[in-house]
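A short write-up of the structure that comes next.
Chains: A, B, C and D, in written order; residue numbering restarts at 1 for each.
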Amino acid sequence: MNVNPAPAAEALEAQEQLTAPPYWSTSVSRVTDSKVFIRGYDLEDMIGELPFSAATFLLLRGRIPTPAEADLLDAVLSAVLDYSLQKSGTVAARYIASANPNMPAALAAGILGVGKNTMDPCETARFCIQAYERLESGSLPAEELAQQIVDELRSRKQRIPGLGHPVFRYVDPRAQKLKEKAVAAGAWGPRAEFFEQIHRAFTSIPGKESIVLNDVGMMGLVLVEMGFSPEETTGLAILSTLPGVIAHVAEEIKAARPIRTVPEGTAEYDQTVRNFVNDRKDSGWDAE
Amino acid sequence: MNVNPAPAAEALEAQEQLTAPPYWSTSVSRVTDSKVFIRGYDLEDMIGELPFSAATFLLLRGRIPTPAEADLLDAVLSAVLDYSLQKSGTVAARYIASANPNMPAALAAGILGVGKNTMDPCETARFCIQAYERLESGSLPAEELAQQIVDELRSRKQRIPGLGHPVFRYVDPRAQKLKEKAVAAGAWGPRAEFFEQIHRAFTSIPGKESIVLNDVGMMGLVLVEMGFSPEETTGLAILSTLPGVIAHVAEEIKAARPIRTVPEGTAEYDQTVRNFVNDRKDSGWDAE
Amino acid sequence: MNVNPAPAAEALEAQEQLTAPPYWSTSVSRVTDSKVFIRGYDLEDMIGELPFSAATFLLLRGRIPTPAEADLLDAVLSAVLDYSLQKSGTVAARYIASANPNMPAALAAGILGVGKNTMDPCETARFCIQAYERLESGSLPAEELAQQIVDELRSRKQRIPGLGHPVFRYVDPRAQKLKEKAVAAGAWGPRAEFFEQIHRAFTSIPGKESIVLNDVGMMGLVLVEMGFSPEETTGLAILSTLPGVIAHVAEEIKAARPIRTVPEGTAEYDQTVRNFVNDRKDSGWDAE
Amino acid sequence: MNVNPAPAAEALEAQEQLTAPPYWSTSVSRVTDSKVFIRGYDLEDMIGELPFSAATFLLLRGRIPTPAEADLLDAVLSAVLDYSLQKSGTVAARYIASANPNMPAALAAGILGVGKNTMDPCETARFCIQAYERLESGSLPAEELAQQIVDELRSRKQRIPGLGHPVFRYVDPRAQKLKEKAVAAGAWGPRAEFFEQIHRAFTSIPGKESIVLNDVGMMGLVLVEMGFSPEETTGLAILSTLPGVIAHVAEEIKAARPIRTVPEGTAEYDQTVRNFVNDRKDSGWDAE
């Protein structure tokens, strides 16, 4: 340690650095030499005392859930589980695993398959939140605003997220089961109810009577009522289907069939053969 | 549909295609128009009847776990939870989220931080399995082989995975809690016991007496005894810390501080300034 | 081979499979036992005859570029190169490499840092294409439509992509150099010109006179005029900065400083300590 | 600014912080308000004066290459280009793009397909470097050591990287073209030559006479002689095939065929149907 007093200017600069706001700030967790605090709780106290779903709730919402809330979140996490090889991300993960039999790489690849074209509760969550904000900030009664929203979307040819199913008509039994649990847990409220009002307005359109509110949409509504943001909803959807991807990747690594490609006969390739030497010359490149 | 019978040659070729082994094969799940089967079970029957940890066990191991096994897996999943900004993957995920506020992208980035330098129960799992294979296929008694393995690793300057902690001495209380649960669930067996024998042999070295069997190592042993492969162990470790990463990414997206870089004053840059025009010429490039 | 004729029904089904459109279709390349065809050209003919930038053009646009076009694309690829630790993706890549010293994983993580908050030529490309479509499909003269677009964006508080720089005023010399090359290569046209008209309209706003059209925006315009789609523009931007990320990751792997975290003193952690046992009980969980 | 002098203790602590080694250190590039320095060179001087391949060399090796070296690196980058749908990573990237039409996500997924089972010049590079180290540090003449290495690998049933091709016999013409360029550029040396010696020793084994040194292996040798590390070699291989992946992803996004799955008839699914209610009860779960 330098025993000489620091020159005044440097010391003042350092003083400023000490008082500048820190670059990073987090309330999620904290680590000391011997302890880990999860949202302020000592991890050592938590072991075996809080199920994984409840710990997940705590990590995201910042408080310990009631047993009913933990149960409900657990039900949401278990609602979809896996979609076999009918999910693009899962197939991609298997392709990656066949070339690079590394679990983290394959899981990461699988997760990247979540986006604009996939059924994500986040869509319904975002829609639900925004619709409710319109209801709260406006003066129209719910029934009228619901009808207006439906009309707007129809005119813009935009679809309402969370609706529809290839087979189920009028009611999606899995969505209904989830709603029952939510109501029982006291996690059903005005946002979800207004979304259902919009669904009712939609099904009053001739020809649309049987369009269901599906399980993924219901997941979105329940998570909104539980206080999760749309981004968190996407994260929870990814969490919920990760065990399935792990199972697929493990199965692929075990099958040890290296370098998967497209199966024989499933691809057509442009068969055109062109003359490189001529075309290169014609494009203006000098002869070598 | 073409009512004319297929020409003989084409029909034979098609027949061969029909009997060729399929490119893909999976037992994890199956999807029909209206149903999803998870390891042969109708998902509709499962809703609300199997907690997420038990569904995770089913997806990976292919059978429904006992309540005690589900409980144990849940405890393993809840053993670590989060490691704040002391985990490279989490910090990387936050950097990604600051530039690309997209949950799947940020989670994928975080997961890619699992590798050679991280504490992964997979290491202990693999070591445990291999050590036990040596025991089974050889003729040395456990105590002697344990000592031999310790001596081999010492001479190669290789460390034993799953051991050590910056603060805990002799016993890691979190590891011990996990072991108690495993024993109670009937998921403690000869593989884990032989690993403990190796640990004992290691701690008989002067100066190493207080080196603990840590919580991550214990997770590996428990998962091995539960029948999971090392790759599945990595997958489960990633699953267990995913809620934490989701929480960090959500926090980062909410903070909306775009384009994180290295904090002021934490980086030194090579300040050398070189003359491009001269050096380019000296390297043999023609003047323009 | 089965010498018996195929049963009629199975043969007809197989016949349908043979005539069904293939699942995959590509014109990018084709592989046989001994040859690879790149957009119809034999790769063996190409070796050493087409520089990498020209091969890149061929892969994306499907034809051999003129030497001037190849030169221009090469200039676009070389326009930015690297942005040191001031780019979130690069820092994330270094964090990943410190924990998982694996080049593919670290590069993938770095690439995921491209998104909504990053300067991407894709934004300007998309804007440029859409603005020109409005010009073509409407009846307003360019100057008027340019002003109208500027007014619309101002009223919606939306910014025009591709404009602005912390230091450069009126002209960004790097953007101008790129434009000169484009004009010389015959790759400057009505789309880029209309964007410049919009820029001029913008700079006629009092206080905005010195706002430049920057290098990333110019990259977008040039790539649009070269016929690339906005997605391809993003891909080329990623390609152009990949050597920089490789250099950073290699430097990090070589430094071998495992498990990077946030530097000492740069993070504040919520210090609240809560009583888990009490709070758990208060949340409704039974005592064990 | 605080005009009072800093208290002695705080000032001393701050002084220590100022003198502590910085957390990050890089020589790759540096950014100021108006300038970017690439390995010490002002980027503004570089525009249009250094082709992309040469800039790549500069970023990685830290010096401007000679025109011949830049040419050689460019040839290496152009040696493979694309492998159509016969590359797992490319197929994975297309799957991701079909669900999440986002270029960065799809490229990242494609890159994750580089690993243990893929042909990577990095393998040959690493092998070449290690073999040469043995030659230098030992006393055996090259011919003898080469034979010994071949014998060792044969006995361990390990293959030599960089050898073999499904069709080419004795000589891979693409590899030879690349070697000629390397020799002409003065980038052929003792490491590559010793590898060729090992190759000759291998082909002296009866039955192995026609096994070629292939193009990917030759890429590895040339990059080693150019001074790149094995990790950098992997990075350059990824760079070289990125335009191809961009082309495939762009084609996929344009085809707009959302949610790719496995093609009809290419997958077999375990058809077992099990009774969930019974099995759950038999596994020890209480009836609800």
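Simple rule for what comes next: a contact is a pair of C-beta atoms (placed from the backbone, for glycine too) under 8 Å apart; a residue touches a chain by one contact, two chains touch by 3 or more.
Owing to the predicted nature of the structure, the values given are computational and were not obtained by experimental measurement.
Any chain that touches chain A and also touches chain B is listed here: C, D. Note: the chain lying farthest from chain D is A, by mean C-alpha position. Taking A-D and A-C together, the pair of chains sharing more C-beta contacts is A-D. The distance from the centre of chain A to the centre of chain C, each centre being the mean of the chain's C-alpha atoms, comes to 23 Å.
Separating the CA-averaged centres of chain A and chain D is a span of 31 Å.
Residue positions of chain B touching 2 or more other chains: 17, 23-27, 29-30, 46, 50, 84-86, 100-102, 104-105, 108-109, 112, 114-115, 260, 262-263, 265-267, 269. Chain A makes touch with chain C in their complex at residues 22-27, 29-30, 37, 39-42, 45-46, 49-50, 63-68, 100, 102, 104-105, 108, 262, 265-274, 276-277, 279-280, 283-285, 288.
Of all residues in chain B, only 1-2, 5-6, 8, 10-19, 84-89, 91-93, 95-96, 98-102, 105-106, 108-109, 112-118, 258-263, 266-267, 269 touch chain C in the complex they form.
Contact residues on chain B toward chain A in their complex (touch as defined above): 17, 23-31, 33-34, 36, 38, 43-44, 46-48, 50-53, 55-56, 59-60, 74-75, 77-86, 94, 101, 103-105, 107-109, 111-112, 114-115, 122, 166-168, 173-174, 177-178, 181, 229, 231-232, 234-236, 238-240, 242-244, 246-251, 253-255, 260, 263-265.
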